[in-house]
């Protein structure tokens, strides 16, 4: 994707075409009952309340090809990241009936998935209203969908954790065991990575937190700790390192975790268990 | 996929490598704290109750490469489609620590997603206990994941609706409007497709159902009808065509819909809103 | 392909670029004797009688790129599916000489191959003049060319059998042997596929035909049967199932097979042995 | 392809997997009636006389995968380029029934296509028995199949003309017109290509042949000339350049063309109009 | 590439997008500080003297996309192959700031690499001023960059040796040893290739040169011979075959090698050790 | 790449096959003079002194395929990162002559390129002997080769700067101008990126350095500053941020830059202008 805020088609167009191909395969059999030249006017409407995400892809899939009749066009009516309600029109246009009905499902599938992620994220973010802590995602994403899901998290008001194994270091329990100690593990990683890389250490108790800070970690994850332990960690280390609460946090527990004084709360459910936000396409 | 029951790697290996690549990118920075030759023993455990799906892919991603030490191996302990409970070990093995920790997340992401779909499907199927009607999926799938999600539906006890636009016909309201009538729409499609293709017509009321049957439809969808209307349709046409109930059906309403006498109930949520089933990988 | 009747570039453009690449490789050496800016006027002429197919691809390959001079253009003069004769101009245009001569051969190769298939199909279809039976293709296609060859069959007046292993079921002798009986084989398949899938059973004698009908087959293939046996099968089962004659049928035997009363006659030669229909490109 | 004589899988394996994918798509529905563990013994038999080509690909597609049972194997019984007759077994093996029946059609489609090309080539080569002239192919090939079809031509005893636009120069009438004269066209090409490139000039009469020889062409094509004119050209220039007869030459006219004294006769039909040689797979 | 002189985007656009993707990955993080709608005016300036190459690719990467504001444009100011000096503006334009800063580095990396090759080539060519011999490249290229580097060699005034293993034959010492003799090796190759293929033989001494000429080689490589031996070879065989000097030739020795009377001097360093020519992009 | 230290084939195998394909194209014509069954023993020798890099890829390309004779094998004799001298054997093996000669050039091209980068890096690293500062690379890499070239930099003793636009932030002069000030630019980026991302600011004078530190930059680049200014910056800010010297630094100036007290010196020439280290393959 060219930009970070509004990812442009270079980053996802290949995926979008593959998704179309998955649906169309060797041809849309039902198109045989349509006049190949007739055009129709249409809208995509939201069917529930949430946060919008995926207009760019949906519009990309439905916009006219160069050979289409001159009156074909599409217009995005709302922006990714905006709150959306039942009945809101998010995209409208006029298209060849054959192209529209062939591509409709894939466009809607993207909208529903990404708006689902943005909507769930926004619910977590709202729970932290008035607190400084931020909601962040994880690497528990749908295979092949990570960059788009992480974009949806940003649309919902969340922040992104590392994108993958390549853009930051997370020293986990297994790494620590293999290296012998947190100090040794961090030292090895520091020796092998450059000056632009942040290092996080996953800690299960305060002792480990102390060792991680001493080892020079940039970020410390408080893994599955209770709010009281987290509060203790925050009191001691909040000004020295970035603290991240993690581990099975849901809408009921997120405010408690955040109130402990950590900087960041990471939530896997944002990208692995967000229900779809429903949309449908209406021919006028 | 070579087979239908147990899809073999030809069908999804490219996706699986792309998913790994999405996570690893230009390299796993954290691997720097591991000894590149050391091997570790591990298990993947389920963390909740549900129906298992995705062992083949997870195992494919974790199994040893040809150059790995001789003691490396993986063993699938349970089969896709089996009920699974908290603490069940589904795959176990010994692997190079570097390879294991680099690929763990992607393997788990597949297991969690697909077992989530199978689990939700099985809940719908259980609701129909004692009835003849079958649960089927839709085309409301995650872009790029359709064949795997439809496999997960089968693992959960459901049936597959058409795979895409290419393997069966669905005449929808917009097709009907464009063709002028159901009879005309079906005639056009019949004229343009071969003798191996089934045709379904989406109907909103009994009058349309009657016309669809008269037009020679093989399958009639009762779209968003109340159970009483569906029961009427079933009484009249159940022996002449296949009847499918569809439209916003959830775990609360599915038994009522099925009890109306339709042959099939299709549920979009199976593939667009199934929460993940949690698994984790434990190094012993 | 977006549409079924006129497949659009999404379905074959990648193949077309790969075919160009196969011919051009690291560069057209002969282009060195052309002025890179000069444009020429040209026509593609048919050199024999037949049925036209492939204009869309040929035109796609020859049409101007965005940077070409303003007077460059192409015009398709005839439609796929039309009868064509020696001397007929099917596409005309003005192009950069370098681009035209570099792409000419690939465009013509598609036209020749696909029009060859459409032409042979039309000859089979003509033989059935006045009969109800339809000509259909098989899976004996050129690797990589199936969807396009099946489109050519439609242009020649034929129907398409299943597109591949994924859109319908064919229970063959080996499947029957493996399952124990036709009844068992059909039952297993019915259990594993959804309500949108048709099932055909390949039968070698009337006894098998009877069993297939009893088993609930939708379509029965009469494999390599003589016309008299086929007529018997047709008399008994024509109203209960769809009957397909198959097995080494050529232009001499096709009318006899069709006259037996079957609904469909399938012919492998349409797609594996159709001679090319010649075309050439003339610079004016 | 690693080697020239026996092209190895690097050169065509991607095409072969794409061809399989075209047939299998999202899954072989018919496999549902097979036991996924049972293995069967099989042979591929030729069903007519000709020259064999394509064993390597067919065997590649059918050979066991690493996870198959230990008794699975395949054996190629005859070599590409050998004469083959009805009933000859060309490959035999034991395979998982599911894999075999899923891949059978694609393997046979390659064998039938390539053996068809080799067989037709051998018929042209036989016609030249006792003469020095050689049969060569053209660029009139099936899109995407050029390297394999040209290999089949070699198996049938023919030689390959240039592989594409990139490995040799052909100055055609349009190039000549654009450059002003044969001398100028050859000079421009010579100036722009290196010392490893041969240049052929397409000539329509003896005057052009003379100019081409004077211009320093390495090869001269006698395009659509009658045998007497070709004989004259051969008498005068046979020792100075390589002479190629070309243009609509068939099995009836090829010996006359060759007897004129040219070095090479090129035949488009080898690769655009060769009927398939039939093969079938028999489960024992 | 469509043309030979000015390779068009078909030949390298996939590489160029892959290079962009390598740099951008899941998104340009730094773009977050730019206004996504603001446009800027810019120039690309050369920072040293040399020969220009790569304007086409650089411009292709920076030119506006269809959705960009109307005032966006790019203009190539100089042509590939032209001499260039510090301060020369080679491309200028107005672009979205986000797109420009995201793509700048990749565009410059191509310009720097290809102009580096063209510049080094031109230095070798200048050394041969007044001699007939030509500078040619080798297969010692950067993996994945061969066609573009060979284009850069042509821009620098050099000629191209064979593009790869497929467009001409080189019989090397190992081939000779395997075949038993030069005569036998050449005979085998001649038997297996068509009439459009040139054959070169690598020779280490005059005896081998004699045998190669006798065997009918089209080109003889004088491998690592001293200038005196090369002069002897040239005197005897210059009119019978094409002679190529090769082996560790640098800017100091190239004139001596060429003066020996050979037709061609091949230099590996052109494509494996050319230092980059520096360029930078300036926002005005 | 699976690991960071020794990148495994997943990361580069596709590139390696594409590079082979670029060389082999539709077939190695010269292989026709080899016996397709004969095997030969061989070594790859270094021909100059330097630091080794690329053994893994070279070995991957030359190692036996599964169908090769049993005596075929390869052995890597030295490790990437080791110093290497003229005559050192780095890989040895026995291979099919056809496969070896077809793949030799591509394997050597990788070895020469990557060892060239490692060698030049090691020369810069040696210049800093006794100083704390580290040598790091830039994004001025060969398109398509970044991950491998950055691996070569690590082999030569250098560190990696960010891999691309996606794994860290660099605020450049144009970003600053667009945002209005360094403080504003850093604030915007901080707002849009997560807690795992480091931010570097490119500064041209001490004033800017001060502002960058105040803005909360993690790293400050001293762009094209003279050593005295850099020393001043280091004295004041060395303990607060990471300081990077950059801009046209060569082997003559690198020690001066490093001695100023910066933490890191970045050098573009490592990856855009490193001459190849020569290797050759010898059949014994």
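By letter and in written order, the chains are A, B, C, D, E and F; residue numbering begins at 1 in each of them.
Convention: a residue touches a chain if its C-beta (ideal position, glycine included) is under 8 Å from a C-beta of that chain, and two chains touch if they have at least 3 such contacts.
On a predicted model such as this, the values are computed, not experimentally measured, just so you know.
Least step count on the touch graph, subunit A to subunit E: 1.
For the pair subunit C and subunit E, the fraction of shared interface numbers is less than half, so the two copies use mostly different residues to meet. Chain pair A-E has a twin interface among A-B, C-D or A-C; that twin, with over half of the contact pairs alike by residue number, is A-C. In terms of the distance between Cα centroids, subunit D is separated most widely from A.
Centre-to-centre separation between subunit E and subunit F, using Cα means, comes to 22 Å. Rounded to whole angstrom, the centroid-to-centroid distance between subunit C and subunit F, based on C-alpha atoms, equals 51 Å.
Per-chain Cα centroids separate subunit A from subunit F by 32 Å. Subunit B and subunit D have centres, each the mean of its CA atoms, that are 44 Å apart. Along subunit E, residues 4-5, 24-29, 31-32, 102, 146-147, 163-164, 166-168, 192-193, 197 each make contact with two or more other chains.
Those residues of subunit F that touch subunit D in the shared complex are 17, 20-21, 24-29, 31-32, 36, 65, 98-99, 102-103.
Residues of subunit F that touch subunit E in their complex: 15-16, 18-19, 22-35, 38, 40, 97, 101-102, 105-106, 108-110, 112-113, 116, 139-147, 163-172, 174-175, 177-179, 184-186, 188-189, 191-193, 197, 269, 272-273, 275-276, 283.
Considering their complex, residues 4-5, 134, 136, 154, 159-163, 166-168, 192-198, 200, 219, 242, 244, 263-264 of subunit C touch subunit B. Residues of subunit C touching subunit A in their complex: 1-8, 10-11, 146-147, 150, 163-164.
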